[in-house]
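Order as written gives the chain letters A, B, C and D; numbering starts at 1 within each chain.
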Amino acid sequence: MEIGLSHYLVLSTILFAIGLVGVMKRKNLLLLFFSTEILLNSVNIAFAAISHYYGDLTGQMFAFFVIAIAASEVAVGLGLLIVWHKRHNNIDLDTMSSMKG
Amino acid sequence: MFEAIAFYLFAFLTISMFYIVVTTQQALYALTALAAGMIFISAFFFILGADFLGAVQIIVYTGAVMALYAFGMMFFDTTRDVKEKQGNKFIIVGLSTLSAVLVVLIVSAPIVSDNIVALYPVVDGIGNTQEVGVVLFTKYLIPFEVAAVMLLVAMVAGIVLAGKKMDLSLTLMNDAEIRELNEEKNKKELS
Amino acid sequence: MELFLYTALFAPFVGSLFAAIFGASPKTIIAGIIPSILLGVSLLSSTVLLVHVLSTGEAVHVEMMTWMHTGNLYIPFGFLVDQVSVTMMMVVTVVSTVVHVYAIGYMSHDKAFNRFFAWLSAFVFSMMILVMSDNFAGLFIGWEGVGVCSWALIGFWYHKESATWAANEAFIMNRIADLGMLIGIFLVYWNTGTLQYHEAFEAMKHLDTGILTTIGIFLFIGAMGKSAQFPLHTWLADAMEGPTPVSALIHAATMVTAGVYLVVRSNELYSLIPNVGLFIASLGAFVAVFAATMALVNRDIKRVIAYSTLSQLGYMFAAAGLGAYWVALFHLMAHAFFKALLFLGGGNVMHAMSDELDPFKMGGLGKTMKATMILMTLASVALAGLFPLAGFFSKDMILEAAFSEHHFIIYTVLLFTAGLTAFYSFRIIALIFHGEDRHTALGFHPHEAYPFMIKAMIPLAILAAIAGFARPYYFDMVIAVLPETEYHIHSAMTYWTMTIGTQLFVIAAIYFAYKKYMSSDIKVPDGTSEMENSFKYKLLINQYYIPYFYEEFLVKPYRALSRVFWKDIDMKIVDGTVDGIANIIYNTGENTRGMQSGNLSTMLKWMVAGLVILLSLAVIFGLTVKYSGV
Amino acid sequence: MFDHILSILIFFPALAALFGVVVDKDSIRAYGLSVAVVEFALSLMLWFGFDASVSGMQFMEQVSLIPAFGVNYIVGVDGISLFIIVLAAFFTMIGIASLTDTKNVKNMIITLLMLQMTMAGVFAALDAILFYVFWELSLVPMLYIIGAWGGPLRVYASIKFFLYTFTGSLVMLVGMLFMAYFYFQATGVWSFAILDWYRLILPQSYQLWLFAAFFMGFAIKVPMFPFHTWLPYAHGQAPTIGSVMLAAILLKMGTYAFIRFSLPLFPDASVFFMFPVAIIAVIMIIYTAMVAYAQEDVKQVVAYSSVSHMGVIVLGTFAMNVEGISGSIFLMIAHGVVSGALFLLVGVIYDRRHTKMMDQFGGLASVMPRYATIFGLMLMASVGLPLTINFVGEFLSLLGFYEQSHIITLLAGIAIIVGAIYMLSAYKKMFFGEVTREENKNLPDVNKRELLALIPLAIITVWLGIYPKPVLEPINNSVEAVVQLMHDKAITPEAKSAIPSVIKKDETSTQEAH
């Protein structure tokens, strides 16, 4: 059985869906960050797969930059998280509602 | 054949790891499962011949990001569970599934596969790392540099944000003390 | 001649401006004298022009300057003095000079003396523009100008509610007719390409009868308003709220005859459409008898005279409609003299009686006001059409015209009206000057007017007496521009029978009036007598309920509808829709702000939902593109 | 000197307004007045420098703003816009001169000068984007005037005014962008210059849509029924000066834009929509006149009468012939003068009694005779008496439309009746009768400052009524060019026949001469 591009894309989609579930479901901010990592990684798989099956390096380049962005996001996000935690002593999403319109 | 087995194996592993991440109540479990999932993903990269990307995945994610999370978690009281009030599960799962199905529909449509032509074709006989290096430092030089600057900025930001008043724990102080602190600061600014 | 033309035209204007300068200051006698003198100048200039036109038979035509010029439209301020307009100019200047002089006395106790003369002279100026213009637009300027002056003069005593109401009524009713006139002017322009009388009438000869009929009807609607023909007649009686000199000048002698002038001026048009002419004649005859009946019972001197004016205007239209334009113009002239005289006499009576107008409260005034009595009786005789005064010649010609054109119904109606005219004229003469003295008991102390006022009336009296003899000369003059329609009754026998018969009929009516109203048992009616409760009397005293009808079915609904339009439609529906749309938008925002709960989880759910929608759209569009066969 | 006179006219008041910020509070009145006088003098110079026999644009200036999209700063005047610019400068001048002592006089004067800039800009702009910018900018000073100095409902009124007109303008902007795009498709060059657009002949279906888009913007500005409801609020709440500027100049932007954009750009669509628009105009004329009759507030009477008169202007515009369009342009000026004067007059009595309710007055003619006289003159002008300025415009507008439709003109002509009804009854309520109220017995008559504003208006009212030629002639020449352009551009046979050719008539007349 030959593994084609579609397999990878389906896998990527499944992982993305899991990430979405996590993003929507989790109330712990830290775990929310984890879920976003899943989202980013699932897309990375798709990039790499497409890059492979079309023999084009652009996909890999994109995946590469996605990783860079993910890393910076973690750095800044964690910093903010720590500040928030210091101030409020929790990282529960439901307690944050200062943006209520 | 080998490729198929590897694909399904790692697919199963990744999915189950990530499933644990989004379901478990324990932050530590989630962290561990995420790290494992990242490593398994790098396996796909290797299968796909993107050796360099796979290596970066392991180093950056499993090495740097996970370590960062681990350090971050030390600031939080992980034993204290965050109470996760759950809304309608059906909506969450339903929406996710629906979007997944739609994406699959779109990517499997014949129209997608016809229009793609390689911009930077993979050259046979040259190692993946070398190819990546060539493309990265020619065509993508500016984005690369921008990404580098962005990382630097993120690093500075992380340090500043997390390192503010390391000696004080605002959570352990009561309101009066915080007010005093603020007033002191204001006075300093005024003078 | 141009100099005289401009002098005749602008002297009243200068007088008006002069008086207006003193407009806001207290009474200055000079503000009355100077305009009167300037009117005299205007009268002299008009006379010079009359002599010129009579002697040379040529019209004087000048073009002062351009008024409007755009596209193909070219309207100048052009003035034409021909046989018709010079007649009108003479009438206007003579009557207005007399009225001005008279008014110096009449208005001497009024604190708005100066304002009165400013408006009165302005009126004369407008009237001169009206009659002297050489195009329809200029006519319209004068037409509206006299309307405004009439408005200001009817409402001269503006603190009186009835006066201001009457002023507005007159203006608005005239405006209705003016719209017809305006449409007529538009029709003339688009069909002939010009508004100059001469060129327009020339071009009309080649036009379709249907279009000409429309033009004729619309122009006549304009004439109906100014000349207060049915159904636009109610304003004239109400206009008697104005000072009496105003009634004499505007609402008897000049302005109300503008409609007749218009028809006479457009004789070339109306000659082409005899059907419309017949309609005009029929309406004229109808108004003649209609107004005369209302005059029979009215208990207000000025209103009686006003109805009489209306009735006489009906005569003029009857003549003009039958094609006897020169007869109409002749009657117009004669009528102006004796009717103005009658009004001024009425003004004397009013003054004497401290503005009391009910003739039943007078009686026996002839003893104290001999001069006025003589003048008014003279005017009434002329109005009744007795030989040898002016009315006889002019009115008789109208009857002859109707008879010889074989319009016997019109003839009969007009003949009957002649009897009514004699009756009501002498009814008020009898009630005012003869019979028992009823006023002393009511506390009135009448006195004769200033001698110079009486003297001022004398020229009018002379003209009313002798104008009739000028008929042959007049005829020779106007046939230069008007159709030469001589009326010859087939046999001398018929002619004499008719003339003498008419005279006898009129004398009988006069005798009847004297007999009925000289008797000593005339009392001030108190609404109890049998006659006053009869249906006929009620119908007549209420003016056939026409003002009532207008009030109930036009004015009130208009007022109510306006309110509905404002309160309900404009505020509720139109503005409500606008505010409704704004509210929908506002409420949408208000209701959807729940979405912005501030809870990241919820917001992320919305985001995913949005993603799903976008993806679905992508799929749907993809499928549509695929299967639509493009 | 004349090379940049239009730019000077536009930007001089703006600059002066900026400097006005640093002028001392006590001398701001003199400063503002002198700026306005200079501005008016400049506009008069423009008039005297204007060559009346030329039908095209004059004093053109062009500066490239965004070359890639063909957006340029192009200004120029022809007979159509010239007099509105002069009128705007004139009203700014007398507006500042007659300004009563309100709070924050300094802000008011600066705002008025800014408003003058936008007004001059709108009428001089020959580039759609430039036009749009000034068009929208003019809302801002007006919003401020109503919102800051208005009556109790001022916030509601100003927001309604702003949002309503702004919404319409956005639709218009979309239309402009489409127009530019079509121009790009046809020629391969981007251009927003109106004169370039004039050369473009569009298919009828495009014309209909674009006409509708432009119509939204213009109709709300005019304001046409049923988009007129912002006007009574704006007038009712605005201070006197605001109402004057709004009625005299700002409303004219809508009708001016019809002549500048809708007619020459979309001749076929204009003919197609002629009757619907004319019917709306007739509704405006009669309906708002009746609403005006029902009003209790004299300012609202004048406000609704404005809508009624704007109906006649719109009708004249859509007559599509030289008589009608000239008449409607003339009526714009006439209505500007007369309604401006009427609002000033209402302001006079409001300053004295602080009420505008007609039942509070009565018998004013004997207390304030000069006031009553000037009011009477303006009233007569408003009802369209011959030899006043309004008559010329109304007569020509109705005359022009009579060629298109007899019935509609007859209905529109009812304007002269209903106009007389509401105006006379308002005048009667205010000025006639006995003086019943104690507080009215000792009202002072118009003072010198008010006369300073009113007398020139009265003089113009009579002067242009008797001798309209100096204004009518340049208008006529420009309008002939517009009508000829429309005739040449029209593609449907109905439009060809509805729009007369100016040249053809001349040819036939010369042939007849042979």
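Assume a contact is a pair of C-beta atoms (placed from the backbone, for glycine too) under 8 Å apart; a residue touches a chain by one contact, two chains touch by 3 or more.
Fair warning: this is a prediction, and the values are worked out from it, not measured in the lab.
In terms of C-beta pairs in contact, A-B outnumbers the other of A-B and B-C. Note on chain placement: the centre of subunit A and the centre of subunit B lie 5 Å apart, centres being C-alpha means.
Centre to centre, using the average C-alpha position, subunit B and subunit C are separated by 96 Å.
Measuring from the averaged C-alpha position of subunit A to that of subunit C gives a distance of 92 Å.
Centroids of subunit A and subunit D (each the mean of its C-alpha atoms) stand 60 Å apart. For subunit A, the set of residues touching two or more other chains reads 20, 24-25, 27, 94.
For subunit B, the set of residues touching two or more other chains reads 91-92, 95-96, 99, 103. Shared contact sites, meaning residues of subunit C that touch two or more other chains, fall at 601, 605, 608.
Two chains count as a pair here when they touch; such pairs are A-B, A-C, B-C, C-D. Partner subunit D is touched in their complex by these residues of subunit C: 23-24, 65-73, 137, 140-141, 143-145, 148, 151-152, 155, 158-159, 161, 164-165, 167-168, 171-172, 175-176, 178-179, 182-183, 185-187, 189-190, 558-559, 561-563, 565-567, 569-570, 574-575, 577-578, 582. The touching residues of subunit C, counted against subunit A in their complex, run 593, 595-601, 604-605, 608. Residues 1, 3-4, 7, 11, 14-15, 18-19, 21-22, 27, 30-31, 34, 37-38, 41, 44-45, 48-50, 52-53, 56-57, 60-61, 64-65, 68-69, 72-73, 75-76, 82-86, 89, 91-93, 95-97, 99-100, 103-104, 107-108, 113, 116-122, 131-132, 135-136, 140, 143, 147, 150-151, 153-155, 157-162, 164-165, 169-171 of subunit B are the ones that touch subunit A when the two sit in their complex.
Those residues of subunit A whose C-beta lies close enough to touch subunit C in the complex are 20, 23-25, 27, 32, 93-94, 96-101. Listed in rising order, the residues of subunit A touching subunit B in the complex are 1-3, 5-11, 13-22, 24-28, 30-31, 33-35, 37-38, 41, 44-45, 48-52, 54-58, 60-61, 63-65, 67-76, 78-83, 85-92, 94.
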